[in-house]
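What follows is a set of structures to go through.
Each of the two complexes below includes subunit A, the first together with subunit B, the second together with subunit C.
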Partner chain A sequence: MTQLLEALAWIADPTRWSGPGSIPVRLLEHLWYTLLGVGIAALVAIPVGLLVGHTRRGRGPVVALSGAARALPTLGLVTLFGLWLGIGLTAPVLAFVILAIPSLLAGAYSACEAVDPRTVDAARAQGMTEWQILTRVEVPLGLPLLIGGVRLAAVQVVATVMLASYIGNGGLGRFIFLGLNLSDYPQMLGGSILVVALALVIDLALRLVERLTAPRGAART
Partner chain B sequence: MIAFENVGKTYPDGTTAVEDFSLEIASHEAVVLVGTSGSGKTTLLRMINRMVDPSRGRVAIDGEDVAGLDPVRLRRSIGYVMQASGLLPHRSVLDNVTTVPVLRGTSRREARSRALELLETVGLDPALARRYPSQLSGGQQQRVGVARALAADPNILLMDEPFGAVDPIVRADLQQEMLRIQKELHKTIVFVTHDIDEAFLLGDRVVLLRPGGVVAQQGTPQEILAAPADDFVRSFVGADRGTRTLHVEEIEGRRIVVDADGRAAGVLEPPAGGAARA
Partner chain C sequence: MTASRTPRPSRGPALGRRSFAALAGTGLVAAGAAACSNEDPLAKESGSSSGGSSDGGGPATGALVIGSQQYYSNEIIAELFAQVLEDSGASVERQYQIGQRDVYMPELESGAIDLLPEYLGNLLQYLDESAATGTADDLAIALGEALPDGLRVLPHAEATDQDSYTTTKDFASQNQLAAIGDLAGVEDLKIAANPEFEERPYGPQGAKSVYDADITVVPVSDSGGPLTLQALLDGTTQLADIYTADPSIAENDLVTLEDPESMILPQNVAPLVSERIDEDAAAAIKTVTDVLTTEELIALNTKSVTDKQDSATIAKAWLTEKGLLGS
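This part shows the complex of A and B:
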């Protein structure tokens, strides 16, 4: 309990809220790394996931690949890529991309698969092109699931981004690793609390987006 | 003109839905395909707009093999009322009806004003235009389906059991609406049903199908009733159950037509200038 209070006191200390290396700076760095990881992963995984979901082809290999990617230990990846690519942002971001891809893929293909095949059939029968079916029917109807994938990926990455600091980058992990080295437990715990809080906020925000994007009219069926 | 030329369909799982089917449908004609469940009616209908590609033979519209036409353009030019309304759940009634015209490049505003007219044509209160399909009754959804099929003013209208899911009163109402629309618009209609009464009511010509898309008999309702080709047709049209045999009874000096159950079906009027032939 006292440790928790000390950690909260560490966070509340006004000197930690301005200047270089302050909490806001680390928080923004943390968010930025998360955005990079999830953003790059989304550029790859969402189109592939939608393609798989729309065509119902290649689901097997994609699921297998996602499973394999899920099984990779992210710390190991960061270390490995760090050794290979050196200190800097490339190695950890690459690891985060790999971490984020499975959830994004699953969100994207399940978004398509969740749409009633009869609805897709009707859209096709009206003369929509495959692209129009995807963008005007499947994506709007499956959007909450797609966003759900983004939410899972973001929460996983935000919790893991502290590993970036492990090989010399910024982010909230700095506090954790610094605290660990200095045996400064309030700082370590404070950093962890901030990471957890950030993850919760992101989770909540994206849950809200999921709600807002739920297609109107489909709710009552 | 729509021509089925020895078409057949075997689905990838090996089911032969249609063996060998040929039929010509003239422009402005309403042809009804009737048959029991699974006799291949939907399969045949969907060959016209290339939602199903025949495994054998060809379907031609005005002499042109549909296999050579762009499916997207073909489908936009043909109205299709689906077996289960097939409305897009995330779009309002109005947006559902304007789907095809908008895809074809009509301005949204023009499409909307026409859609509102169409809703009235099919007997729907335009106040429903802003609702979503899930907020409509089954019968209302079917009417929207009909309005949507008419929206791009297609020459060909495909209707797959459009009134199957509604109660008999609403169905009768929709059938009358349909007859009125046809009188006004003169579309080429291919209508699918398993209700023989509906077929006789709406069809200029009726095609009775056995399983496998085999034609049991085709002709005008009168021809089929006058001379059912075989027992299958006879039982299908209800001739052998006596439900279609009528006889005349004299009651209080008037000639009343009575059906097999003894219910009065109507009053027999003598043909103009002659005596009634009973």
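This part shows the complex of A and C:
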């Protein structure tokens, strides 16, 4: 209990909340890296996932590839890219993109696949183009699953963004690594608690979005 | 359309409200129970991590336990000691790549480890920061007082492996840099170093107070390894904290800035031993430390980094070359 209290006291210390290395600055950096990672991954993974889900083709290779990507250890990727691209933001963000892609991909193709094929058939029979089917039928009906994929990716990335500070960037990982190396355990635990809190907040916020985007009036068979 | 089937009940949320509450409740109770414990998970129980027994007697076989830090160069030095000790007739157990001081110091104190190659400055800084100034001999004397009972340092070697302010040849010639003091007045200086370098007395605070140089630390957590080197070489930082026994300084034509005020603590290699190391063992160890200079250490490190040999091979070759085996 004492360690937990010391860590909470560290967080509550008012000097931590202003200045260049302060908690709000690191929190914002942490969020920004998460947004970069998930955002860029979404630009790549969601179109591919929607295509796979809509055409029902190519699912096998895509699932296999994303499974392989899940197995890649992010710290190893950060170090590898750091050696190729130098320290800075590009290397870790690339690693986070690779981390986020599997969940986003899965969210996108399961969003399409979850729609009742009879509904899609009916839409096709009415003369809708494939693009119209995708945007007016499949995505609106499957949106909660898509957001679910974004949520899973975001939580995974926010928990891993601490690695960005391994090679010279900011984020809450600064507290964790500095605390670890200095044996300043209140700082290390405090940083960890902040990451956990951030992950929970993001999870709850996106769950809310999921609930709100559930299409009203969708028939539940 | 197929004939109508009995409508299935609507698919509610995957986790029903009741079971969600139960899960959350269990989670809270478990977290509370864990948090209520006053046991310090970060305190090392003696012998729990190194596998040695907690009665201070080392492994039951009576072998001497030699440990090393999580640093390839330290492991090579430990292997040198291990091989001369085995050659002198002692039985030896190796436990390399242990970790930081707060992990292995309790092991040394409890007797789970008997010998570990240390560095004078960092060891004294860990034990008694205020005493950590002066020459290598001053530090050795101060260590005699600062070390807990049962531990002592044997005579240190000439070889050092200390932090440094290292820069590229181009940057040094552009700004006429030969010593750390020449950095005063140069703007936008960044040094790639471990995050804790920020807090060290020979870090940016020391550089400012002793040499009037303004330097910001860019934390790269690989202890002067390839990422730190890369940051220096591609110009992201102007300086890097690369250890003086690192072969990459010579390989990349880097310039280590001089430290005339001895701000950076001397880090001579010094064997840290427990009481189980007797006169004979100490004498065997001394044959190594008498011959180990910084050049020799760099050569040993080069074999590991460039030729990718393992510590046992490197140690054997070096000891044979120096005629220290077969006594």
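Basically, the second predicted complex is superposed on the first by the 218 of 221 C-alpha atoms of A that agree within 3 Å, B and C clash if a C-alpha of one lies under 4 Å from a C-alpha of the other, contacts with A are read in each partner's own complex, and residues count from 1 in each chain.
The definition used in the following text is that a contact is a pair of C-beta atoms (placed from the backbone, for glycine too) under 8 Å apart; a residue touches a chain by one contact, two chains touch by 3 or more.
For clarity, every value in this text was computed on a predicted model and none was experimentally measured.
Asks: Would you check which partner chain A:127 touches, where first means subunit B only, second means subunit C only, and both and neither mean what they say?
Replies: first
Asks: Pick one for A:192: touches subunit B only (first), subunit C only (second), both, or neither.
Replies: It touches nothing on subunit B or subunit C.
Asks: Just to be sure I read the superposition right, which of the two partners does A:167 touch: subunit B = first, subunit C = second, or both, or neither?
Replies: A:167 sits against subunit C, while subunit B stays out of touch.
Asks: Contact-wise, after the overlay, does A:110 reach subunit B, subunit C, both or neither (first, second, both, neither)?
Replies: neither
Asks: Is A:213 contacted by the first partner subunit B, the second partner subunit C, both or neither?
Replies: A:213 sits against neither subunit B nor subunit C.
Asks: Once the shared chain is lined up, is A:119 touching subunit B (first), subunit C (second), both, or neither of them?
Replies: first
Asks: Residues of subunit A that sit at the subunit B interface in one complex and at the subunit C interface in the other, please.
Replies: 118, 220-221
Asks: Mind listing the subunit B positions that touch subunit A in their complex?
Replies: 46, 49, 51, 72-77, 80, 82, 84, 86-92, 99-100, 103, 132-135, 148
Asks: Write out the stretch or stretches of subunit A touching subunit C in their complex.
Replies: Contacts found on subunit A: 1-4, 79, 82-83, 86-88, 118, 165-168, 174, 177-178, 181-183, 185, 220-221.
Asks: Please name which positions on subunit A make contact with subunit B in the complex.
Replies: Per the stated touch rule, the residues are 116, 118-119, 121-129, 132, 137, 140-141, 215-221.
Asks: Touching subunit A in the complex: which residues of subunit C?
Replies: 1, 7-8, 10-11, 35-38, 40-42, 100, 102, 192, 194-196, 198-199, 218-222, 226-227, 230-231, 234, 236
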